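The same subunit A turns up in both complexes below, where it pairs with subunit B and then with subunit C.
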Partner chain A sequence: MVLALSRASLCRSLPQGTACLPSVRTYANSPPGQQGQFKIQNVKGSRKSKVNKTFSRKNRIGAFRSMNPSQLTVPVLQPRPSLSMPSFKPELMTENMIGQVVAFNQTLNDPIKYFGTPKNMLLEFRLLSQRCSVIRNITILTTEELNSAASEPSHKTRYVLTGPSGCGKSFLLLQAVQYCLAKEWIVIYIPRAKTTVNSTTTHVYDLRTQTYLQPNYAQQTLRRILEVNSANLQTLTMRDGLSYERRSFSSGTTLAQLASAGSKDPAISSVVLETLLTELCRQSKIPVLLAVDDFQSIYNQKTSYRDPHFSAIRPYHLAIPRFILEFASGKRSFPKGAIIGALTAADPAFPVTNELMDELGVPGVHPRSPYSKRSKILQEYARGLRNLPVPTEFSPREAASVFETWMRDNALTAPANDELFLAKYTESAGNPKAFVWQGILGTLEGAAPVVNESTSWPQLREGRI
Partner chain B sequence: MNILRSQICSVLRRPLYRQLTTTARPFVPPAQLVFHDNLYVPGAKELDDSTVEALVGETNEQEPEDDEEDPNDDRDKPHPDSPNFYTGRSSYYDNIVELQNAISRTRGTLQRLHLLPLPDFARKSLQPMPTVWKTPEEMTTDFETNMTISRYRRVTTLLNELNEYLRIATTAGYADVADRIGSIISIFESGKKEAFLSRGIRKPVLLDQHGRSYTFGKRKTSAARVWMIPVKSSTHETISDVNVEEVFGLSNEHKRSPVNVTVSTILVNNIPIAEYFPQPVDRERIVRPLKVAGVLGKYNVFTIVRGGGTTGQSGAIAHGIAKGIFAHEPETGLVLKRAKLLRRDPRMVERKKTGLAKARKRYTWVKR
Partner chain C sequence: MVHILGINLPDDQLARFALTSIYGVGPHLSHRLCARFQIHDKCRVRDLTPFQTTALSSFLQSPKTALPVAQYPLAPINFIPRPPSKSIQELQAELNAERAAQKQKRDEKLQKMGKLPVEDVKAKVGGRKAPEKKSRDPLTELRIESELRREIRENIAHQRLIGSYVGRRHAMHLPVRGQRTQTNAKTARKLNSLDRW
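Moving on to the complex of A and B:
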């Protein structure tokens, strides 16, 4: 039994071929400066024992010892050159930029940070080194529509982005949000409208409005609107005063002050949000964009909420979905602005309903007949929505740009060549989500096996798999 | 019926150069021979005039008196067609004899032409001529005898030897000798020779008037019908971005001219491949033949697949695509074969056996 010798030196003194004695174990010693890091101070029983045990968990951090960065020679871990891509600007929205990847830089009022994004997009941005997206021809089309909508009431520009699963509707919506924000619009972006109807946020029945208020969600929304649009909101003022629950706002207060008051107190947040929207409906100085992802979830007749009689609450009886429905149907309208919604094609909990499909002219998976169930109220709320179909597939150019972006981010396990690109493009049939998630990120193809000429075994020499 | 008799008489009976001492004559019994004075008759003596007159008188007397025909008189009886009549299998033995004659003549010919005996190296370089002889049943009808194994073997041995001489003659370039042997051999060759020799060889797939190939692929219990047509490369979209530096020649980068890239569309039961096969492994399996052959983006593929599950259907489509690529481009045959893509995967679900729970799984072993 070796006691006095240190274990590391023992192993070094042995010839290389021999195995270490079973009683002697080697563990990484903690770095010199961190010897006492995990020692418990001033506790009884923490004295060092005189007998050195062969195995002791003290002063050990397991098998981990951080390596010097210069020792990292694996190619994957080499510092990669930073992606040099242009940042998203409204001036870049031209025909010759189709197929170019642009980055969403972090600004003070970054909508991605404050409003959030749908879950898939969030994961993708986490994997990428920079948050970016590719400009497609539909992007140019949408920006042209928004340019023309900047001077018209919002009830004239109500679009719904449709298309099969994974064709890029959410990304297009985010691009529209970024564009409008860069153009100094007021932007209200609700990335996951599903959360307003799936019973994850508090709902309180309000006798005055005879609807269910969602105070916490209203508070969050006000906070987000304020963070992103603070500059614009400070220029706008209230026309009428508001007094509610011992809080009063005079007629000249800026909308920013109103919103900040509402974002701090959930008790008044619902009313403040309603007032804010009313004031925005009155002012005609700054255009307003209301962008809603998961648009079909608020058109489902039954939400996940239950009333005291255990019947499902309708979406138009909940405060937040109701105001979205009102703006989407044109019953309320911003004097300047647009309403854009994006469907989520493959959500079984909140599918695209017959009323929406009828209005948008979308064929749908199952055949519909005049006898299928439809709600008159929701049909009313869906009237006037226009379909903006998103192309189902990337053009080869756009796909190539996306491929290069992931390639530069070291996301490829296989050698990056045109064969891999074409194979993945063909397999995914150009579908953006399938191309990125199942093609680039989900492939098991690796580097081709290299024939080792120096081995004496012929089967290895021939490189047989 | 000696089917060879007429052939042989016309073809081979004509001797090549040897002069026969005797001429061929039909068989006549000696009693009927009529001798003239000038002719030589073996063992005949000089007869007196009186003896000759007496003999002539005798014959003259007998002829008008004999009105009835003697049944044992051999003068008018029909002769048997073949000398092997009394074997009972005249046709069979006639053919055997003719074949043996043909072999001996040909051997003689080839020996005189110094083609026999052939050294080993020359024998190895002979042109291969696989033959398929008639079946014993067919020969039975031809020879009018029951072709037992030994009789069939005897005939085929002779025919194989003749075939060897045919090979030698064709390889040496003696077309007339080869033709003569070939005419004999062709009588005994089976009508299904072409079909038998071409068994297992891939039939070439033809492209239709639009340049489409139609191939079949199978895997497990799935079957796929695959149509492939080359993609028409239209004029590519003009890139209208004007790089000012390049225009003025100030750019340092060497910019390559844009390549027109065509992409393949694969439709399975009229549904895009990404929608029909959600699993990436199925999609990769289908695209693999295009990758291996290096023709990604060259062909559009339309498939109708039936039967089986996802793996079977994707394997069947891949098989069909590989055959289609081979039809369009035969040069890719070697690389597709090495990748085992042209092979119909023979693995099928193994049957359940009695006494076993499944194909291989045994029931739990119980000690007692």
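Moving on to the complex of A and C:
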């Protein structure tokens, strides 16, 4: 009786014409003039079907849709004024600019866009409203080395950036890349060399080179080199012609045309990359920088690749790691230029090997003796590498600049003052990564509660935190 | 969609995982198969080339008749590759000639030392062939699908034929490996039989 009454009352309240089925949902009518506002058009699931279907997630639009920016009136969502700071220029690399934060502006041949960056750096750039980094003492030192390397063969300037985890090796490498690009060098930057050895890209055995080629990776690399260095590559031409797989390039073809052809066809990309590097090794007009992050991954004895007999393929038997190893060891050399690698200290899959640690004079985590396992071939490939240690901590001035940048970007929840800065600097011991990620971004200290005497409700007197 | 042995492999799956849907192929065999046909770990089924798909299918249809994989020469440290204009056939011919020359040199050296080449030694000893070494590569003795099912059926039939405990338990639809029957044993009651598979 009660149920029947309630159902009847439900039916009476509904507009006429609607069926009183318990499975049909009805909503209140929208006010006149706004009836078509949220009408879904041209969507599969919006057509009324005669049969009531069971709930399906397939064609659901979702409850939340992005609003027009002009409708966002809440203060938190107001657009912030963008960070204003000087752009990164080679002229700014002087002693009195140490501690200054400079921005990496977006240019037509932006290396960050085309080559990419290591993952942690990518996340940091996404959080900041502008991609920037601080000029440190080691930055000036590196730029001075690069200036002297501009007129010397690359086998004389082969550096490896070392230091504990989070000390700024990848950032320093990116600064070197930006510096060289601004100085109109040809730059080849490999931000994640780990991807060449962790079995994520196609590999195929080639009898001519007696190595495993990586055609897709070569194609990507050619495309990136072309996008970033197209102006320089158009001024250089091939000395000898090339004919391969029914394709031929006569001598006099520009390197830009060669790279463009290789970047479109993976079948010829490996040969084109090899030819491009050979031609760059012959020309002495433009200096070339080869910058490799995750440098230690190519010095590991075994890669994740397996050969048809299921034994692990060595890095010097894969095309891309082999060419990096040849340049890093000085077996191949650009007439003008430099080779810089940056280690990744905390990667358990590809740790820093004994051969590298011996050559660079780095102590390493575990003690090693003359009886520890070493590969003669990798020792040969590591010969002549020089250690460029990155300072483990920020100086107070550098840390203050970084703190101010994040503060202006509204990253701090706490009131920004000297006490907070010194507290975070001390807690992180000056380590750059810890200072930013655990110090500035990881702090849970909020603003102090504001006492509101005028409120009539005692529980609201101390305000919201 | 790629079809191998009548099994449809979904496009968006990793090839190394998709191959485990074949009866008799588990994670390790799948890894070995991928290595044999130069399929990297993160290759999706849609990224397989037609050559790789054909090679996989023809290998899996008759693993025993497949050709053994050749030993690829790998570049030493100061290797200078030939120019790209040289064709694969020329390079292969050069490699074969080099291998033949090395073998001849080795045989001459053995003869000088008074030891015979390896084939002659085998023929001489007792007139019998030396027992062939068991290969460590599981792909040489690969059994999948109907062959594997037949083998399991034959094993169960053999156990019954010789009148063993294992055979009797299969016949009675009860657990074979000493599990309890006072409770549980439902899977055994459902699946254990003489004509399983």
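One rule holds for everything that comes next: the second predicted complex is superposed on the first by the 371 of 465 C-alpha atoms of A that agree within 3 Å, B and C clash if a C-alpha of one lies under 4 Å from a C-alpha of the other, contacts with A are read in each partner's own complex, and residues count from 1 in each chain.
The criterion applied here is as follows: contacts are C-beta pairs under 8 Å (C-beta built on N, C-alpha and C of every residue); 3 or more make two chains touch, one makes a residue touch a chain.
As the structure is a prediction and not an experimental result, all values here were calculated from the model.
J.: Putting subunit B and subunit C on the same copy of subunit A, do they fit or clash?
T.: Subunit B/subunit C on subunit A - fit side by side.
J.: For A:A434, decide between first (touching subunit B), second (touching subunit C), both and neither.
T.: In the superposed model, A:A434 contacts subunit B only, not subunit C.
J.: Going by the contact rule stated at the top, is it subunit B or subunit C that touches a larger number of residues on subunit A?
T.: Subunit A has more residues touched by C than by the other partner.
J.: Would you sort A:E445 into first (subunit B), second (subunit C), both or neither based on which partner it touches?
T.: first
J.: Touching A:L356 in the superposition: subunit B (first), subunit C (second), both, neither?
T.: neither
J.: According to the stated criteria, A:Y305 is in contact with first (subunit B), second (subunit C), both, or neither; which is it?
T.: After superposition on chain A, A:Y305 lies in contact with subunit C alone.
J.: In the overlay, answer first, second, both or neither for which of subunit B and subunit C A:Y425 touches.
T.: first
J.: For A:H203, using the defined touch cut-off, is the partner it touches subunit B, subunit C, both, or neither? Pick first, second, both or neither.
T.: The second partner, subunit C, only.
J.: Report the closest approach of subunit B and subunit C over their C-alpha atoms in the superposed model, as a whole number of Å.
T.: It comes out at 24 Å between the closest C-alpha atoms.
J.: Which residues of subunit A touch subunit C in their complex?
T.: Interface residues on subunit A, with respect to subunit C: 199-205, 207-212, 242-244, 271, 274-275, 304-310, 314, 316-317, 322, 331, 377, 380-381.
J.: Contact residues on subunit C for subunit A in the complex?
T.: Touch residues, subunit C against subunit A: 31-32, 34-38, 40-43, 47, 69, 71-75, 77-79, 81-82, 84-86, 88, 91-92, 95, 137.
J.: Using the touch definition from the top, list the residues of subunit B that touch subunit A in their complex.
T.: Against subunit A, the touching part of subunit B is residues 237, 239-241, 261, 263-266, 272-275, 280-281, 283-284, 286-287, 290-291, 294, 296-297.
J.: Can you tell me which positions in subunit A touch subunit B when the two form their complex?
T.: Counting only subunit A, the residues touching subunit B are 95-97, 164, 396-397, 418-419, 422-423, 425-431, 434, 438-439, 442-445.
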